[in-house]
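Each structure below appears as structure tokens.
Each of the two complexes below includes subunit A, the first together with subunit B, the second together with subunit C.
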Partner chain A sequence: MKRTIKKVAQFSALASMLALAACGGGGEQTSGEADGQATDGGVVKADIGVVSYLSGSGAAYGEAITSGLELALEEINAKGEVEINLIIEDSAGKQDQALTAAQKLMNSENVTALIGPTLSTEMNVVGPEADLNGVPTIGTSTTAEGIPQIGEYIFRNSLPEALAIPASIDKAIEKYDAKKVAILYGNDDVFTKSGFDTMKAAAEEKGLEILTIETFQKGQSDYNAQLTKIKGLNPDLILASALYNEGAVIMDQARKMGIDVPFVGGNGFNSPEVIEIAGDAADGLIVATPWYAEKDDPKVQEFVSKFEEKYGKKPDQFAAQAYDALYIYAEALKNAGSNDRDAFRDALAEVKITGILGDFAFDAEGDVIMTPTVLVIEDGAFKVFE
Partner chain B sequence: MLIEQLINGLTLGSIYAIVALGFTLVFGVLGIINMAHGEIFMFGAFIGVMITSIFDAPLWVAFAAAILVTAILGYFLENFALRPLRSKQGVSHLAPLISTIGVSIFLENLSHHMFGAGNRPFEAPFAEINFQIGSITVYLVQIVIFVISILLMVALSFWLGKTKAGKALRATAENLETASLLGVDTKRIITMTVIIASAMGGIAGILVGMAFNSVNPQMGLSMGLKGLAIIILGGMGNVRGAMAGGLILGLAETFVVVYGDSGYKDAIAFLAIIVILLIRPQGLFGKKITT
Partner chain C sequence: MLAEFINPYYLQIGCFVLINIILALSVFVPLSTGQLSLASAGFMGLGAYTSALLTIHFELPIIVGVIAGTLIAGLFGILIGVPTLRLQGVYLAIVTLGFGEVIRVVFVNWESLTKGSVGISGIPHIGREILKTFKEFGFNPQSLGLQNNQFIFLSIFFLLLVITVFLVWFFRRQSRSRVGRAYAAINLDEKAAESMGINITYYKVLAFTQGALLAGFAGSLYAHVLAYISPADFSYHRAVDILVFTIFGGSEVIWGPIFGAIFLTFLPEVLRFISEYRYMIYGLMIIILMAVRPQGLIDVTIINWIKSKVSKRGVKHGSRSEKSM
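After this line comes the complex of A and B, so read on.
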């Protein structure tokens, strides 16, 4: 293990030397400029690198993220407290391309910090490299277990499933006095499977009786057998770790056979598409979300209207999380007073802001401390669940 | 509980059976496995969704449109993917199989573009009609599916066994050249068979859309593979075998969920098929091939 780390260190040192050598004069110029930036006129200037999923099947995520960042960038630079320059690179959702892009940003562009790759799988390769180079990195959409634990330079402001699912289960127990639950999940998808693990752990921790655990597969269209079994066991709640596409059909078939208990879903179930597909049957779905566009908060409403004006559509959670992330960076940069990577990292760990996602701070590991909003579908619309 | 699950199993089994009937018909005559059948079935379901949701048309129009469109797809399948291969010398016997796989990929991607990748709900008031027997909710659609599958089986058996066209079809299946020498228009017979099989796929598609309220471009693949397994189980090219095989698979899948673990649903159902085939290699209703 030690030898591997050493090898990686050697390799990356070599790689960065090569990269520096390759850009020659250009590289020197950048660092010369960086020296001047920190002191000139009292305004801290910094280059921030962005690695995002901009082409391929998940390009919609990257588009939302960069839209949120650009909107925040305009506002932050207009305020004039700090001056940020974003350098955006495409990862195409691939681990190797994400790593190459991050290395380019860290070594030849000499950025102060990174705004992370889009997928958790990408972060798992970029994170260790950034941590080794001492480049602070924030994930805005990485929800898997263990991301901030990669190293002390790795942070995230995306709500992990481990926080979201227990929050919604808690509220549902409180409201419905639930004691018995049935769990239903897709067992051929990493995301829904990890959501199920979280659900099971949360249910056991709350002392709920798990009546049955049923599974289904992607693209299945008949869930009647599983649902009839669940119906016969009479649960107070159904915990469903499903993506919205399957989840909506499950709810529809459940309501049709007369199951009227509430459903608690994970992040993948949290989409307006559920209402589109299932209609009235979607009523009673409970999900926790970091982002709620209807929130009665002037900051949120201002962001929504600005975003709609600029991009012609409503911002989703990816845009909102990216928007807040850049504000977190701006705050850290202001407090650090320089664009030095280590000073920035220390200031970042201490940041506390109130963004459009609510009150925000990092815990000791660089993970999120926040209270998610729990929503429920009622009369065909998401409403705050109380 | 048990009765409800029995109804679930019969519904699923009847749908499998209708899909398998289309498979078995094409196999019986042409001796090829039509891998595009699942996708034609999916197209039928989408046509039904479109007709009922966009044009707000009554259900019989949806059925007519789905049958028409899938029949046209069947005609194209025969004319562009199968016939050119049949008339050529030296074409591998696997070529038509590969060709139908190509058609299935094409149709799946086409529906991705035309209808989107997500699930589409089926908005038909007919799908909502239900009645209560004690604590059991039975949907009219479930009964209709069962009845249609039985009707199709009986009609196909009768048509193949007793009518002139059916006899011509069986003669074609027996030997293409001999049938043609005896005055059977084999070209027409083959085209008609593919069209009828495709239209049956379309009917199955609409029924699935109504029963499960879920239509997506990926549904054809899993349904197609199940249909294939069923005709092997029931005996290749055998109508009653397709029906029995469909019901067995549907019930087996449902009862694995009831008494076991839903994670092993497909595994146990297919394990059962393997065991049956070890005992009766020719399938449940298949005839022993003697050489």
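After this line comes the complex of A and C, so read on.
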């Protein structure tokens, strides 16, 4: 008797799994058949694939990006100049998942172009493949070096660290007359490591004396060893390439220790969360950003209020960059006049728009041309740094 | 129909399935002597980095890189296998987990060689190299009605398929050989096995090294299929993923890890239509399965059951008394 029950249980477990697999397969096929949109006489229609980090530890980035895209999509389709259909796939922040998601979009869904993936590491895998297949791809959050250089079909509208960090260092030198700096960075994360490389190069170029270079790891909670050493060396500025969660703790501990020099951070440090976590200790953090929500521009204010109304929170730079990216795509699609990948790519390279991030154009390699805004935290809020 | 089948998307998943099968075997083989190793991710990283660096800096052919990567991982397998002989169960798991992390931290910090956490890009891609070679011989995939990228993925897929089928065949044969019987005896009772005259030191190190070789081999293939690696690929999460393939599928027979790797690689893809919820389902299934079938989905009973079903239908069969592998 017991054996029979066991067998029934085994069989039902197997059967349910097979059923699940089968119905999943079916779903996929129907969605595959449903697409296949082409151009007609009037409006250019196109499928745009999105690879985004929607599940896992960095899901907040993917959520911000897809929110920004969806908001832009509604507005663009309502305008009626072009008709875009977004197909969003999850990459879970893993390279192999990002690649299969991109393969699915490029080959099964036959998208005109891709947006994403979220992380630079994922882009390093997806980029060459998309370039080989001739699918235009725009990174909205990939800030590491060498991304648009992957190929001529790869673009980005995210402000690279190579533009952001020198801008903020420049302003800080000007204001505080800094000569000696200490650098602190997370060495086990591609984002903070690449930010550090840029910081070091920028500091050397500006003729700053680098007193020390200290490292920390992801998830570290005690930075006293590094900070004590930095305090003893008495720098004029601290350059910190950190993500906001570690960065905020670093600032908190530094201020408690009596280090009151300003911090210059990279893109990952630029988040309102820093103020939430570190409170008063966050004062004196200088970052360069493409996105400033308080900017006195009707376009920006309209976006912020619409976004808040729809999602109940303030948009961050990732949402803003994604929003602009879809507008860039819409403009390119309109100019190309068809959803052919090559025509779209050529039109994309020529796009010039004024978005919520300001005037925008690509350089010859597909990288961004724009001037970042340098911000500083003062009295618990981001202000323009003069 | 054919064009649908040679969609690079499906072939891409197929490639990852095959690599994951090799990885699952790398846990299965040491486990068949009772050694629970979590070092697979570390060995995989060693293989991947060795092969990537050799092919980039010395412009060696991929096959030389892959062999070198496999051997380096195997060498480390011996180095780790010998001193950890006396450890069993969770203690061995902790040591091997520690080893994996050490390897990862070395990759992060040895920046002059590995470029740190930024990772290595521009690794020669197996499929693209095969295409190049074929083109040199005057062969053009268009003559078969294939696009370049279809040909690239088709060639990788078949290459990996041949390799994986060979490996599965090899380890099935091995489990019925003198070596496999020794593994099984050690797994059941080490002391009894020793008193029967089995050299347990030799066989345990052999099993551990075979696991390391397999992981290193899979790692070097992974590097040449993805063309980009970074230390984050070989972290603790990877070790757990690989372990889950084997535990989920069942660690008693070789079909267990194979099934686990196939099923758990397909599952997230099949569940794509529910987007961000898919990993919840993935987790839930593992919890349910572990509660209901702690020995894994496929075990000896199931294999025998399938065999009896097959033979009842009158298909030719061997002697029933033969123990299923």
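As a convention for this text, the second predicted complex is superposed on the first by the 338 of 386 C-alpha atoms of A that agree within 3 Å, B and C clash if a C-alpha of one lies under 4 Å from a C-alpha of the other, contacts with A are read in each partner's own complex, and residues count from 1 in each chain.
Rule of thumb we're sticking to: contacts are C-beta pairs under 8 Å (C-beta built on N, C-alpha and C of every residue); 3 or more make two chains touch, one makes a residue touch a chain.
Because the structure is predicted, anything quoted here is derived from the model rather than measured.
Undergrad: Which partner does A:90 contact after superposing on A: first (subunit B), second (subunit C), both, neither?
TA: A:90 contacts subunit C only, not subunit B.
Undergrad: Where does A:353 make contact in the superposed view: on subunit B (first), on subunit C (second), on both, or on neither?
TA: Neither partner.
Undergrad: Could you say whether A:56 touches subunit B, subunit C, both of them, or neither, answering first, second, both or neither?
TA: The answer is second: A:56 touches subunit C but not subunit B.
Undergrad: In the overlaid three-chain picture, which partner chain does A:104 touch, first (subunit B) or second (subunit C), both, or neither?
TA: second
Undergrad: In this superposition, which partner touches a larger number of subunit A residues, subunit B or subunit C?
TA: Between subunit B and subunit C, C touches the greater number of residues in subunit A.
Undergrad: Could you look at A:189 and tell me whether it touches subunit B, subunit C, both or neither (first, second, both, neither)?
TA: second
Undergrad: Who does A:222 touch here: subunit B (first), subunit C (second), both, or neither?
TA: First partner only.
Undergrad: Name the contact category of A:279: first (subunit B only), second (subunit C only), both, or neither.
TA: A:279 contacts subunit B only, not subunit C.
Undergrad: Check whether A:125 is in contact with subunit B, with subunit C, with both or with neither, and answer first, second, both or neither.
TA: second
Undergrad: If you lay the two complexes on top of each other, which residues of subunit A touch subunit B in one and subunit C in the other?
TA: Common interface on subunit A, subunit B vs subunit C: 187.
Undergrad: Taking the complex as given, what residues does subunit A use to touch subunit B?
TA: Subunit A residues touching subunit B: 187, 214-226, 228-229, 231-232, 245-246, 248-249, 252-253, 256-258, 273, 277-279.
Undergrad: Over in the complex, which subunit B residues touch subunit A? Could you list them?
TA: Touching subunit A: residues 1, 4-5, 8-9, 11-12, 118-121, 130, 137, 139, 208, 211-216, 218-219, 221-222, 253-254, 257-258, 261-263, 265-266 of subunit B.
Undergrad: Mind listing the subunit A positions that touch subunit C in their complex?
TA: 7, 9-10, 13-14, 17, 20-21, 24-25, 27-28, 31, 54-56, 59, 88-90, 92, 95-97, 99-101, 103-104, 106-108, 121, 124-125, 128, 132-133, 144, 146, 187-190, 193-194, 197
Undergrad: Given the complex with subunit A, which residues does subunit C contribute to the contact?
TA: Within the complex, subunit C touches subunit A at residues 7-9, 12-13, 16, 105, 108-109, 116-119, 121, 125, 128, 148-149, 226-228, 230-233, 263, 266-273, 275-279, 285, 289, 292-293, 297, 302, 305.
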